[in-house]
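Have a look at the structure below before the remarks.
Just so it is clear, A, B, C and D label the chains in written order, and each chain counts residues from 1 on its own.
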Amino acid sequence: MPFTSMILSNAEVSPGYWRMRMTAPPEFAAAQPGQFVMVRINSAIDPLLRRPFGIFDVGTYTPAHSGAQPQPYLEILYRVVGKGTVMLSALHETDLLDILGPLGKGFELGTAAEEKLIVGGGVGLAPLYFLAKELVKGSKVRLFAGGRTRDDILCITEFERLGVECYVATEDGSLGERGLVTEALVSRLSAGGGQATILACGPHGMLSAVAGIASAGSIACQVSLEGYMACGVGACLGCVAPGQHHTPETPDFRCVCTEGPVFDGTELKWRD
Amino acid sequence: MPFTSMILSNAEVSPGYWRMRMTAPPEFAAAQPGQFVMVRINSAIDPLLRRPFGIFDVGTYTPAHSGAQPQPYLEILYRVVGKGTVMLSALHETDLLDILGPLGKGFELGTAAEEKLIVGGGVGLAPLYFLAKELVKGSKVRLFAGGRTRDDILCITEFERLGVECYVATEDGSLGERGLVTEALVSRLSAGGGQATILACGPHGMLSAVAGIASAGSIACQVSLEGYMACGVGACLGCVAPGQHHTPETPDFRCVCTEGPVFDGTELKWRD
Amino acid sequence: MKPDMSVKIAGIELRNPVMTASGTFGYGQEFAPYVDLEKIGAFVTKGLSLKPKAGNPTPRIVETPGGMLNAIGLQNVGVEAFIKKKVPFLRTVNTPAIANFFGNTIDEYVEMARRLDVIPEIAGLEINISCPNVKQGGIVFGTDPQCAFEVVSACRNATIKPLIAKLSPNVTDIVAMAKACADAGADALSLINTLTGMAIDINRRKPVLANITGGFSGPAIKPVALRMVWQVAKAVKLPIIGIGGIMTATDALEFVLAGASAIQVGTASFINPSAAQDIAQGMESWLKDNGVESIKSLIGALET
Amino acid sequence: MKPDMSVKIAGIELRNPVMTASGTFGYGQEFAPYVDLEKIGAFVTKGLSLKPKAGNPTPRIVETPGGMLNAIGLQNVGVEAFIKKKVPFLRTVNTPAIANFFGNTIDEYVEMARRLDVIPEIAGLEINISCPNVKQGGIVFGTDPQCAFEVVSACRNATIKPLIAKLSPNVTDIVAMAKACADAGADALSLINTLTGMAIDINRRKPVLANITGGFSGPAIKPVALRMVWQVAKAVKLPIIGIGGIMTATDALEFVLAGASAIQVGTASFINPSAAQDIAQGMESWLKDNGVESIKSLIGALET
């Protein structure tokens, strides 16, 4: 659903990464981890299109004024990469934003018994915090967080506060293990343990590797994809990703904004 | 010259009319009454073109911080009429603006002896305040301010503080005389007195009437024109106005942004 | 008084002149959560073809200054699945549904027209002639008056439903194209389809779109669309559906004054999913505020 | 290392590929306060005609989403006054000046080419063929390959100076136009000139421009311009000057990758009077940052 939201806070949490909290309508309580919102940056035509962002967190806050009732809020965690996110980072508390969401199909939370291995690369951690909050209610949750450097490892303390066990890997070794997050995942898996399921979000290369690891170990795996989106509601068909049966001759495209952004790793074609 | 200016204040002085003060470079001290600036509303492409505004006032202020030296400032008085001015009115103190100016040919201040009759319609008063500040240094100055209703009569107290004698006329009689400002001008002129010169800015209809009155009484008259501008520097030729010799067959166009915006009333063609 | 917003296009009664543009409104159902479909004049389906079409590889869209490029590749479920899966929904909505269709040969176009002709839930057909004719070295039907005439008249003979020819703006002489479609028996003309554009990623040194070029839409193209609607309205008697960069009621009214009897909202629905309904409402308010009793009195009322 | 930004167009050596577009940079002098004219590659004069031209009534310009329309009507001082009043300034600047010119008959074009041919301060001629041929029912030279061929070859025979043909984008097949001008002996091609657009004031129920339609320029048109430059670069050997909506160094580099050997900055100079210089500087910085030694290595380097 479309709604006008007021910014409650907008702060840089790590160089180039910002966290924004804004008001949400009551209906937003039904949002699922892995769903996303389409944010209209301003009312002008530059930028023209809405920008998609995963839901980092939802909750309620109590406004300052006396006798105020608790109100729902929504948070996004975003990386400044271009025109729209630059403008977003310049917005202030009390500024208004036009938001569409929650949109798309989120993560399946699965059964409490299975251990949850959540894997995030850089800003791919964004939807995983909301996810972890739900998962820790029933299951053991381990987070594998990767990035190029320490600045790309976001909000680890928040995850730890949830009781999530965190494994950190950076390519330059500036934080945690030196190397790729997938290596940390593999070594954890080889350490054995009970039945596990993988939930991942991050760069396509990382997701592809994670999906490979999962199928190799025949472990259930869900991944959250990105795609260039115009509408977010299944109308423009801009956001599609190749499905498992995809070949250039016999294409098989899945709509990321409605059938996803979260897919079962086996639903997708990883090399084409 | 182009410069980056910081907004010092931006307040609504009358319903729909805003007054903005912003920092200016030292060179701006050379600005002449009647000159204008081209303001870039934002760094995006919507709105694309700069917006022209007359110089309402220039001066110096001393920043709050200790040991600060006096700094030059510039003021504009603007009416919210469309996209750009709506956005302008939403800007805050400390926001930055990209400004080009001072531009164009201002008013000729003439000789001290002659009485100065300045005539302004609505926001046409904007350049007249800066003008009056200069004129009162040597001459008797009378202001004839007109508008549809009281809300269109701007900053009269400021003019009075300068020692300017103000004659106000509104079409609905909500302030001053009921009727057109030109009527007030005519009755003043018929009252006789020493040698006078007219300087006017406002809607084209008013300027045309004033120019008529002036030539009828063979009184010197300068008018400040508007025109749709893209560049403000004489390159696009979008802003032209018909000159005295203009006919559809033998056109005679004057460039408002470089030959004007202030013209001698006799230089222009008033009916074509 | 409530202004009369109704118009008639190619024999189709519309409660107001606001339609949705093909390819930007899915098959209607996608927008049911955002738009009261019974508050708009009509909606147009995604472009349909004989066989399902999977479309182009990604990236398929890119934003440009004030607009966007798309190279979806006419992905659609195909006419069979459309009839089975999408038409039932149309029955539930009391608003005319226009089927937009295309082909790569005249035979394909004709076959599509025949299939759609027998579907009672379809109020009319919009023929998209901005497609290459594979039988003629890939020349785009809509860029050659003769090709356009042939494909439109062939479809004209294949359907008794109202037939709307949708023109491509990528031509030297839009009036010649309009006349060719009129001569071929089209009941109305819709214009414009997308301009052809391109965007480049300088860091990858590649086109942004996998398809290299794409269809250019959005507010940026409005001046071209408005000019073409005005040119065609002066030269051709058929009712015109104005399309191109319409974001607001003001934009829509510009097209009506230029000569459009109805308008279509495309890209705007991506930015504001209820754009079509908001524009219809805004137009009605403007008429009321300006004491205009009927939208019909504004069609082509531009003073030049 | 300092990247080599120099390029050669139609035999004219440019210190960098950034030129200013005709009609947006006056006769050069207007921008001297804002641009170090010796930091750009070349500048192009306002379009010149045999007799002074007073241009159209006002309003002459209007802003559109991401762009603008102009109907200046080719106002210019005429070739005589240009030679007397404007050429002396060119002597003071060590940067090639290109004279843009037009006519309404082939004879007028040829006469203009002759007059300009003998002016040493002029490094080359840019022929604007987006004008109606009054001898042929007002058909625009630049929208018909045959007309374009005739006027360009006639001018070719009238001057030994480098001759640049400036193409109109309002055509079905830009490649056909490019080939016609190449066959006629043009040394280079510049594209695009303005698209034709329109804007309407719904409250006055009139076109905003006194001329009704106008030339559409600015960032909005970039995708169309880039597409046309790419199409022409693939099909024609001549060096290309890319024009259309260039606001930044990134925009300029997109055109270079698409196949342009140089670019022209138009509308951008209205928004930022030092745009041309800033863009040249920005391109050089990008080359440096990306370890590209020569701009020439980027011309047409798009991977498709």
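Just so we're on the same page, a contact is a pair of C-beta atoms (placed from the backbone, for glycine too) under 8 Å apart; a residue touches a chain by one contact, two chains touch by 3 or more.
Remember, predicted model here, so these are calculated numbers, not experimental data.
Chemist: Work out which chains are contact partners of both chain A and chain B.
Modeler: Joint contacts, listed by label: C, D.
Chemist: Using C-alpha centres only, name the chain that sits farthest from chain C.
Modeler: When every chain centre is compared against chain C, the largest gap points to B.
Chemist: Which pair, B-C or B-D, has more C-beta contacts?
Modeler: B-D
Chemist: Distance between chain A and chain D based on Cα centroids, please, to the nearest Å.
Modeler: Those two chain centres are 47 Å apart.
Chemist: How many angstrom lie between the centres of chain A and chain C, each centre taken as the mean Cα position?
Modeler: Chain centroid spacing, chain A to chain C, equals 36 Å.
Chemist: Which residue numbers or ranges of chain A touch two or more of the other chains?
Modeler: Residues 45-47.
Chemist: For chain D, give me the residues that contact two or more of the other chains.
Modeler: Correct list: 65-67, 218-220, 247.
Chemist: Are the chains arranged, by touching, as a line, ring, star, complete graph, or other?
Modeler: complete
Chemist: What does chain A use to touch chain C in their complex?
Modeler: Against chain C, chain A makes touches at 1-2, 40, 45-50, 100, 227-231, 233-242, 248, 250-253.
Chemist: Once bound in the complex, which stretches of chain C touch chain D?
Modeler: Residue list for chain C touching chain D: 64-67, 69, 143-144, 170-173, 195-200, 202, 204-207, 212-213, 216, 218-224, 226-227, 230, 245, 247, 250, 253-254, 257-258, 286, 301-304.
Chemist: Provide the residue numbers of chain B that touch chain C in the complex, in ascending order.
Modeler: Those residues of chain B that touch chain C are 45-46.
Chemist: Enumerate the contact residues on chain C facing chain A in the complex.
Modeler: 23-26, 30-31, 33-34, 54-55, 57-63, 65-68, 70, 72, 75, 218-220, 247, 267, 269-274
Chemist: In their complex, what parts of chain B are in touch with chain A?
Modeler: Touching chain A: residues 44-47, 87 of chain B.
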